[in-house]
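Okay, so chain A shows up in both of these, paired with chain B first and chain C after.
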Partner chain A sequence: MELLDPVILLQFLIGGLLAGALYALLACGLNLVFGVMRVINVAHAEFMLIGAFIAYVLYKWLGLHPVVALLVTVPAVFLLGVVVQRLLIERVVGRPLLTSLLATYALSIILVNLGLLIFASDYRAVPVMQGSLAFGDIVIPKPRAAAALVSIVITVSVYLFLGRTRLGKAIRAVSEHAQVAQICGIDVVRIRMLTFGLAAAMAAAAGVMLTMIYSFSPESGADFTQKCFAIIIIGGMGNFLGALYGGILLGVVESFVGGFVSTQWAEATAYLLLVLVLLIRPTGLTGIADAR
Partner chain B sequence: MPARQMLLAALLVGLALVIPQFASDYYVSFLLQLLMMVALAQSWNLISGMTGYVSFGHAAFFGIGAYAGTLLLQGGSPWWLTVLEAGAIAGLVSVPLGLLTLRLRGPYFAIAMLGLNEVGRAIATLWVDVTRGGNGITISPAILPSLSSNYYTMLLLAAAVTALTAWVYHRRFGLELRAIREDEGAAEMVGVNTTRNKLTAFVLSALVPGAVGTVYAFYTSYVNPSSVFSPALNIQMIVMVILGGSGTVWGPVLGATLVMILRELLWANFPALHLAAVGGLLLLCMLFLPGGLLSLGQSRRRLRAELAKGGGSG
Partner chain C sequence: MSKLKSFWSALVLGLAVQAIAAGAAVAKDIVVGTSVALTGKYARTGQEQLQGFEMWVDEVNARGGLLGRKVKLIHYDDESKPETGAKLYEKLVTDDKVDLLIGPYSSDVTMAASTVAEKHGMPMVSSGASASEIWERGYKNIFGLYTPANTYMDQILEFARSKGLKRVALIYENTAFPIDIGNGVKAAAKRLGMEVVFEEEYGKASTDFSSMIIRMKAKKPDVVVGGSYLPDSTAFMRQAKENRLYVPIFAFAVGPALPDFGKNLGADANGVMGNSQWEPTLRLPGVHEFAAKYKAKYGHEPPYHAGGGYGTGQVLEAAVKKAGSVESDKVRKALLGLDIVTTFGRYKVDATGKQIGKPGYTIQWLDGVREVVLPDDAATHKPVYPFQDWAKR
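On to the complex of A and B.
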């Protein structure tokens, strides 16, 4: 195989863009939460897995297609996120960053091990939409195309929601300056509940689409947590668009590393990128982060 | 260290010294693991409890020590020397790592350390020529030290790192570490060499897990990537310290004992349930008791002292 063949390069690029769209969907929620409440949610990838396992159960019991399962899963995990925010995260908002970091770390431990109790550590997948779309020499597996499409639709919708609606503007206002937002009459506690629900729901949507592409177990979150952190550090913490760029960049770099070096190194890409960016620019490549 | 605490320490060590004389191997094994947890918790406490730089990947040093010790012992090194060498190797690895990551402020350091244990496990799995990959390495029983040798080595390590913590705690060095935790900028301003202090604490906190990992490898006579680069151990190290009281001398000892008792009750049948419970404890601590269990006693003592003072004046 000639690696520098333009067709193959294009193939890598498209593969990377498709994976990147899914990563972006996952990481945007994490950044939204950090922006609005200055909490680094280490359990973010576990909400993705909750989405994945709901989709898996719906497929096993009812034969529901993951794309259809989105309609059930996303609202359900949104509500779960609101409850988690109300009962747990709200209590650590405003406390030192390390407190919320350890609290969400605890949440992630609890969720992973409850997952292990219920589902054991077996790997699972939802084998639907087999086959590929071919455009000339370029081949795109159908599930990846569907996952990328859904990811783009959701991410763009959330972006428009944040930019165009009153509620979205309120979220941005709280992100900008919580105290001033409160003085202006915004119910900050409600906005935080909405934000965490939204972030959890976005992660869950990514998880539902993930079931068609990868096999996963309750312990799969760690890899994605790593990727998420690489993405938001690259894109700038708290910056919604930054997560979008970072996600796409990680997807493309992983795809090329996987193609040119090895798939095992592709797995390490996120960690290496994370450490590299932290060393060069601890505040991320685009955004400014509150590094306290 | 106050005389009462000295007495308590002497009592505990004396008890741990004589127990193997009359207890069965089962209890000696349990105590060995308890001592291992104390040593690990105390190590984590040195960097994360004292300075507030939370290391989410400290089990990596345990794994490095376990592999280094196994390979050195098979290479013909005497077992007691191997323990020291493996500790030194883990310490050496921590120097460049610390130089790179400790430049980052707290939360970013935590994020950078988050995957370290997984990276260690991946290397141990992929570097098949040296580590035999996922199959792991079995140590021949002929060259292994006995259970009681392992037990006393573990006791020595646990006692040494606890003594080190107590010593550091009452020195200027310990004070400077806690100053970093409270406000790094201010500490720097008054002339604390924060980078050197953080690095020293980090290397000290990596040495002991390296040595402990080796003794653990001797004890189980087998290492594989997921048994020594263990996610469960990684979690327990953190929870034991926070539960007992981070940045204190006795908190890690108390926390390790409680987590081990909990593990004894749940681990055999439900390892996941044990970890879920441990996670729950961590969560409760973060929400309601950030100072850990020891802070309960302290605040009561302070209240009593204040009451006594108030009673005297009124």
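On to the complex of A and C.
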């Protein structure tokens, strides 16, 4: 069978890794928020789309390349995330899970409809850096490679920030045990603002890179939100690295399923993988959700 | 006391006057109902269709209305979902008590919506649907304007065959209209002695075709045909470039017929073929005026979806005039016998209500412009062959 050709197999693997890196960037933010405040942010993908639309507008008006637009978009959405945390999410932290689910769901509906009002439901894209680099028979799509690179740089930076810096350690402390962290003198409200800002910024970065890969509309978020949930459950809820593993695993498996079975089955991969992981390891690959 | 009494009587009187006025307005206006996608996957196309129809409503009212009555349009957003569409038509018929129905956008929403029209015995004039399946259910109340989907790709495949191409790769979304295109492609390929070397369906939400493309590439096709809409056709072309899938002809349904195709793909749209129900350059009555007015109002050339919406209005107008009434039975009979040429093209249906009078057109993106390339008598440009290899762009 021609599909067992090593070149094709390698091509599937590359495609999967590149897609997986972008998934990971998106899912890590979601998991960070869950880890620190036990809030499931249903509006996470909408922050990704905010990033995408800012990049689109900057390209349309100023001709700015999305990679350059990152420098503006990421800090802007970070601030937006901080404000949203202060005004909305902070009020539902520590409440029953349903409360935060409803609050973020409402936020998602508001953001989607705002997007529809401003941008209508047309599909947009930024047609720059299209095509691919070829190495013999192997091709590496340019926009996807750039997106994966940005994903890796940001994800690793955030990981190092969490592990090496005082502030990062404070975030982890709040994630481990908010009350004890507070007793130790950590300003948990501030930490939560920082965390949500960080998560929103990571999502926005993913969104900016997305503009060169897919066409998107204000309603494109739902698909990504669902996949992100699957990823963090697969990888382990609340664990930063779990989302990274989960994202990459999903990207690669999707690519091979799409290659060997069909695109339709690839769409279902996230959920099949989810069932499989839950059967074998109910806490996910690295889960802490039920550990305490 | 008397003051209070007069207040109450004034209020009651006021309400009564309002009720009479409202009642009179309902009796006077001819109310046309539709659902149309304003959000979801078919939003862009749905909106164009609605705008085209609204333009006809404005014009017919400026001309003094239909049968001397004003035409009023009630429309709802079906979110591109068949189940929502069906519910909305139920509401239009039973709640809003509309006089006439026009169809929604897309074949899958029309499949559901026409069932409601059939149940209530109300004729529905449909632009925006072309899957043959809609007319194969024995329904008596659905009348189409679009050239049926199973003939969409015939001109392109004939052209491909004339260039000696034989290996067809066929992909399509798994809903009524794209599946019908797929069936048409398979039949045409067989008739023309071509071979379908790759075939795959994909889901409505699919945006990543990379793995599919790698697999398709291994089959070495010469023609790629997509039974697609806008987001999937743009995603496919972008990923075809990324994965260096090169064939002499790329052809897609719906997507290339829209201005957004060029906006989203930029120079990569160049050379892609597609099919169109209608183009603003065609030599048909009123096309020029309609296109100019539409552009002035909405800022862009009308795509065929807008032309279809406008044409629906003209067909409805002709049928109601012929029937001399908006009674369902009379309008249905008029729609069956009607044979007219509108701004959208000829309208003539067979006994099932399926369109048999209107031809289809083939378009191609050339230097950022959508040109009609086939058939020869409607062409604004010669077809450019072959598609320029990605490596040489």
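What we mean here is this: the second predicted complex is superposed on the first by the 280 of 292 C-alpha atoms of A that agree within 3 Å, B and C clash if a C-alpha of one lies under 4 Å from a C-alpha of the other, contacts with A are read in each partner's own complex, and residues count from 1 in each chain.
One rule holds in what follows: a residue touches a chain if its C-beta (ideal position, glycine included) is under 8 Å from a C-beta of that chain, and two chains touch if they have at least 3 such contacts.
Remember, it's a predicted structure, so these values are computed and weren't measured experimentally.
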Fit or clash - chain C, chain B, common chain A: clash
Which of chain B and chain C A:239 touches, first, second, both or neither: neither
Touching partner for A:116 - first (chain B), second (chain C), both, neither: both
First, second, both or neither for A:12, with chain B first and chain C second: second
First (chain B), second (chain C), both or neither touched by A:31: neither
Touching partner for A:215 - first (chain B), second (chain C), both, neither: second
First, second, both or neither for A:267, with chain B first and chain C second: both
Partner chain in contact with A:85 - chain B first, chain C second, else both or neither: neither
Which of chain B and chain C A:259 touches, first, second, both or neither: second
Partner chain(s) touched by A:107 [first = chain B, second = chain C, both, neither]: first
Stretch of chain B penetrating chain C in the combined three-chain arrangement, among 44-52, 224-232, 242-250 or 278-286: 224-232
Chain A residues contacted in one complex by chain B, in the other by chain C: 116, 219, 223, 264, 267
Residues of chain B defined as touching chain A within the complex: 52, 54, 56, 100-101, 103-108, 110-112, 114-115, 118-119, 122, 126, 231, 235, 238-239, 242, 270, 272-273, 275-276, 278-280, 282-283, 286-287, 290
Chain B partner contacts - residues on chain A that touch it in the complex: 40, 42, 88, 91-92, 97-99, 101-103, 105-110, 112-114, 116-117, 219, 222-223, 225-226, 229, 233, 264, 267-268, 271, 274-275, 278-279, 282, 291-292
List of chain C residues in touch with chain A within their complex: 38-40, 43-44, 47, 174, 200-203, 205-212, 214-215, 218, 230-231, 234-235, 238-239, 241-244, 260, 263-268, 390
Residue ranges of chain A touching chain C (in the complex, touch as defined): 2-3, 5, 8, 11-12, 15, 19, 116, 120-125, 127-128, 130-132, 134, 139, 141-144, 213-215, 217, 219, 223, 254-259, 262-264, 266-267
